[in-house]
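Worksheet for the structure shown next.
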Amino acid sequence: MSLVLAAVCIAIMVVMALALARSFSSPTVYDRILGINMFGTKTVLFIAVVGFLMGRPDFLDIAIVYALINFIGMVAVLRFFEYTAPVE
Amino acid sequence: MNFIFDYYNYWVVVFLMMAGFYIVISANNLVKKIVGLNIFQTSVFILYISMGKVSGGTAPILVEGVTQYSNPLPHVLILTAIVVGVATTAVGLSLIVRIKRAYGTVEENEFENTDDAI
Amino acid sequence: MFILDIVSSALLIAGVFFGLTGAVGLFKFPDFFTRIHAASVTDSVAAILIIGGLLLQTSFDLNTAKLLFILAFLLITSPTASHALAKSARHGGLLCLAETTNKPTDERPHD
Amino acid sequence: MTELIDLVLLAMLALTALKIIFLKDLFAVVMLFGIYSFLSALIFINLDAVDVAFTEASVGAGISSVLMLGTLALTGRTEKENKRSSLLPLLVVTVTGAALIYGTLDMPPFGAANNPVHEHVAPRYIEESPKEVGLPNMVTSVLASYRGFDTLGETVVVFAAAIGVLALLGVRREKTDNVRQSGFTDHYVLRIIAKLVIPLIILFALYVQFHGDFGPGGGFQAGVIAAAAFILYALVYGLPSAFRVVGPKFLQGLASFGVLLYASVGLYSMFKGGQFLDYNKLAVDPLAGQHYGIIIIELGVGITVFAVMLSIYYAFASQTERGNT
Amino acid sequence: MLEQHLVALPIILPLIAAPIALLFGRTILTWAFATLISAGACFAAFSLLIAALSEGVLSYAVGGWPPPWGIELRVDAANAFVLFAVTALSTLVLLYSKASASHEIDPDKQALFYTAHLLCLAGLSGILVTGDAFNLFVFLEISSLATYTLVSLASDKRCLTAAFRYLIMGTIGATFILIGVGLLYMKTGTLNMLDLSARIAALEASRTVNTGLAFIMVGVSIKLALFPLHMWLPGAYTYAPSAVSAFLASTATKVAVYVMIRFIFTIFGAEHVFAEMGMDFILMVLAVVAIFKCSYVACVQSNVKTVLAHSSLAQIGYMVLGISLVSVTGLMAGLIHIFNHALMKGALFMAVGAVFYRLGSVNIEAFRGLGKRMPLTMAAFTIAGLSIIGVPLTVGFVSKWYLITGALEQNNWLIAGLVLAGSLLAVVYIGRVLEAAYFKEFPASHDSKDVKEVPLSMLIPMWVLVIANIYFGIDTSFTTEAATSAAQWLFQNNQVLELTP
């Protein structure tokens, strides 16, 4: 079982890396935000899986925090983005 | 080979610290300086947490049948340091807001004329 | 027990598969609105599958409740965030591919 | 496995840091800083520092990023070109980095169980704290009891930050009815979902506050999360509505109250004949005393942090809304 | 009951008072409360000094946990001496700020000003008293955050950039200290200073410990504004409100100097730092450069507060020079100069603040003819200025006397000569101000009715410091006794570890 978990863990890291790459270089600023949002949700899943992999699933609390902060951060980005004048 | 496995963590952390430090002293924009300061400090936190790790140990919360725990003391220190970091960030950012209102700019090279370069 | 493990593994692997497809979609689709579609739909499916897979590993204790909480939270917030993002993008003047192809390219807002 | 995850995460961190150096779009810089914080929190989990990860995620990626975004809304989005040579900074950084690398060469190896760090002070915390303090979470025991003075200092640092931000920005007092309605007025989905989510967040904050003795979490994290719930409210429904729920003046009082609650535990233990912050003296049974002490001081920390974080956000947001109307 | 907790009182009094001070609705109440608390802390510090001189070391285990597991507060003659100077200056500055601050600071923000002052005092006392390396970092940050706030409260907009520069430099310094402490912890596994010193002494030469030492020294040097790392200080002192300049110039950097002394002498051991790493030579060169470079810059400035700020940098050079002599006399000269410089710089900045109070400017032009208009203020400035120069019968003479004695003990004529030459530069920059005040006419264009003596509440603290300048210049028994026993205490390397690890 732990083999499957490890494989899943690595695969999620690949997804995270792809999302990170998207947020590094993106055609529009919204794509950047999208990449970061995806990175956040995948991180939540990553923590959940790692918790089971390390045999200490009681750390799911941290996954909850990530989910919360990801959402709030997203709302804040959109909110303050309205204020800033678009570049060029 | 063993040598690398013993220290790779610290080396990457040193690189991260220096990346943050570089941003602080080279960035032109004051907000970016604060971001750099945060990166610098966060990397120092990783240094502390790295030294608390015990291979094969687990998080320092008591569970049945486990005897090998990672060291809780660095965790405590860094909890405090994170709070200190966010406090500094808040004060720094509010200074930036005031600077923007007083000078109309937050770019370092635009202060030069008035002897206020930061 | 053995069957549970197999089902759980299958769910996890399926979840990861959807996650990967979503990430590939981020790069391969032609305009922002198709990309956000790819990302947000697969996000939700991957979350359901992976957390479903993990749920089968728990023994109905506090962890089960936490996992369910995470799942519920993700299912509520992730589509909302995507929706708000798409709406902001639309308000910000971003157009979809069908609209941009009918117009001269220089009107398309860039980053 | 731990080493592999560690390596991949460190690589991602290094890339993110490099990208931040070269980006000129500050909005992207702040968002990437959020990612940097998330990634370092993942490293903390991987290295068993769950409490630290908890805090880093909620503070670094949460509060700090939100404040930076609020500042950017006022100061503009792009960094201007820097004409000065970057040679001197590069030199300083190289020298400092070289000194540190030189220092690493004598370090005890990463993760070895017989490092001096694990053999001198820490064993007592690991072996005795469940008996002396009576909590399963050793981090909470050390934080709140053995090094409780540090934590008092930490609470005061947070309080000092509030003083600084209030002195610099202030919170404008004005009648709420003649203020332009702000917030996401036309995002109906967001408004409804926020209403649904906020109670869940506050519930979770309470759980973190009172479960910190047994799992990751504690007063500081709970305060930040509760503040985050109100920040979400203020973001979605606008600052005036948030002021009606919790006023800035009330928050100031609350911030003081939290510090005083913490300090009063110390004074009471002095009064009972112990040293400052000696929880053993709080009750007849030392273990029970420790337990009372830790619950009260964690509550004090939580209250102060909640009040301070929220009033700092208020100060920034009222600047932003004033600056952009 | 209080005697038992005497060690903790100078920290926890202001620490607890700060949140209470915020709750008072009226500014005058906040001021009275803050002054009362500061006076209480000063009284506690004085009792501590007496106790430390007679009993040696006083140790206090916070939370009842024995060190190194818990946090230890530790008072000996050296830090009790500095602590007394800091709390006394804080009280005098608070008395002074009633008129000065209400003139210079927005009325809405005065309550925050006094709260920040208390926080700063708590932080400085904490740095001095704590016996735990990480706890020192926490208190350092409390005092730093409060200082940034205090500096930025002035009405001149340039205080904002000065405060920001201070924040960036200060945070870098604090982070360097954090890195250094981390490296030490990594090699020893402990944070308690006494325990650290014992365990470092037991280690063989280690690159990690040496790197830690280097980082701590650089971090502390930023905090104490040692020569190449001093860029934040002139702006911060020039544009801060007058009361804040007086407080910071006489306390904040002094505390940092003490931190340096503590790290060198009690943690690493003078032997290791000086004999093996050659740090004394580096410090001596930097100190001499600081004395001359900064004194020279002080001679060509037109803003008197900037002149005094650069003079402070030069005086810090004298303190570090004392440390770098590596002898009991040299260290004692450094310690006594910490105390004496607090007296003179406090009085000078208060006098300049008084001029600002009446004229709204501190340019050297504004001082023209003030010798007749504000005789008491200018007399105070003159005496404190003579003290900076090192004229006999003032405290400045005492510190320079011991500094030169320390140099001559080692037959180091060069250093002795340089100290005297540095004093000549002080004659120039103080002389320029005095010349303007006494030998130039009051400009006719000014409205002469408004320019008169400042209120008594400003004059009294100023003159208390001036009289102290003269008193401790004539009767040196108290300060020399305290400083000598502190220096001897620091040089004792046979401090036996009373802990059972």
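Every chain is named by a letter (A, B, C, D and E) in the order it is written, and numbering of its residues begins at 1.
Everything that follows uses one rule, which is that a residue touches a chain if its C-beta (ideal position, glycine included) is under 8 Å from a C-beta of that chain, and two chains touch if they have at least 3 such contacts.
The model shown is predicted, which means the values in this text are computed figures rather than measured ones.
Here the chain-to-chain distance from subunit A to subunit E, counted in touching steps, is 2.
Taking the definition of touch as given, a chain qualifies here only if it contacts subunit A and subunit C alike; those chains are D.
If subunit A is left out, the remaining chains stay linked by touch in one piece.
Distance from subunit C peaks, on a Cα-centroid basis, for E.
Between the chains B-D lie more C-beta contact pairs than between any other two chains.
Centroid to centroid, with C-alpha atoms defining each point, subunit A and subunit B lie 21 Å apart.
Remark: subunit B and subunit D have CA centroids separated by 13 Å (rounded to whole angstrom).
We define each chain's centre as the mean of its Cα atoms; on that basis subunit B and subunit E are separated by 28 Å. Note on chain placement: the centre of subunit C and the centre of subunit E lie 58 Å apart, centres being C-alpha means. Within subunit D, residues 2, 25, 50, 70, 72, 74, 76, 100, 104-105, 107-108, 115, 117-118, 121-122, 125, 147, 150, 153-154, 157, 160-161, 164, 168, 184, 190, 197, 215-216 each touch two or more of the remaining chains. Along subunit B, residues 17, 21, 30, 51, 58-59, 61, 63, 73-74, 77, 80, 84, 87-88, 91, 95-96, 98 each make contact with two or more other chains. Of all residues in subunit C, those touching 2 or more other chains are 69, 73, 77, 80, 84, 111, listed in ascending order. Contacting chain pairs (ordered by label): A-B, A-C, A-D, B-D, B-E, C-D, D-E.
Against subunit D, in their complex, subunit E makes its touches with residues 1, 5, 8, 12, 15-16, 18-20, 22-23, 60-65, 68-71, 108-109, 112-113, 115-116, 119, 122, 126, 134-135, 138-139, 141-142, 145-146, 148-149, 152-153, 179, 183, 185-191, 199, 206-208, 210-212, 214-215, 501.
Within the complex formed with subunit B, the subunit D residues making contact are 2-3, 6-7, 10-11, 13-14, 17-18, 20-21, 26, 29-30, 33, 36-37, 40, 43-44, 47-52, 55-56, 59-60, 63-64, 67-68, 70-72, 74-76, 79-84, 86, 89-90, 92-94, 96-97, 100-101, 104-105, 107-113, 115, 117-118, 121-122, 125-126, 130, 136-139, 141-143, 147, 150-151, 153-154, 157-158, 160-161, 164-165, 168-169, 214-216, 220, 305, 312, 315-316, 319. By the touch criterion given at the top, residues 5-23, 25-32, 34-36, 38-39, 42-43, 45-46, 49-63, 68-80, 82-91, 93-98, 100, 106-110 of subunit B touch subunit D in their complex. Subunit D makes touch with subunit C in their complex at residues 25, 184, 187, 189-190, 193, 196-197, 200.
Within the complex formed with subunit D, the residues of subunit A that make contact are 6, 9-10, 13, 16-17, 20, 23-24, 29, 32-33, 36, 39-40, 43, 46-47, 50, 53-54, 58-59, 61-62, 64-66, 68-69, 71-73, 75-81, 83-85, 87.
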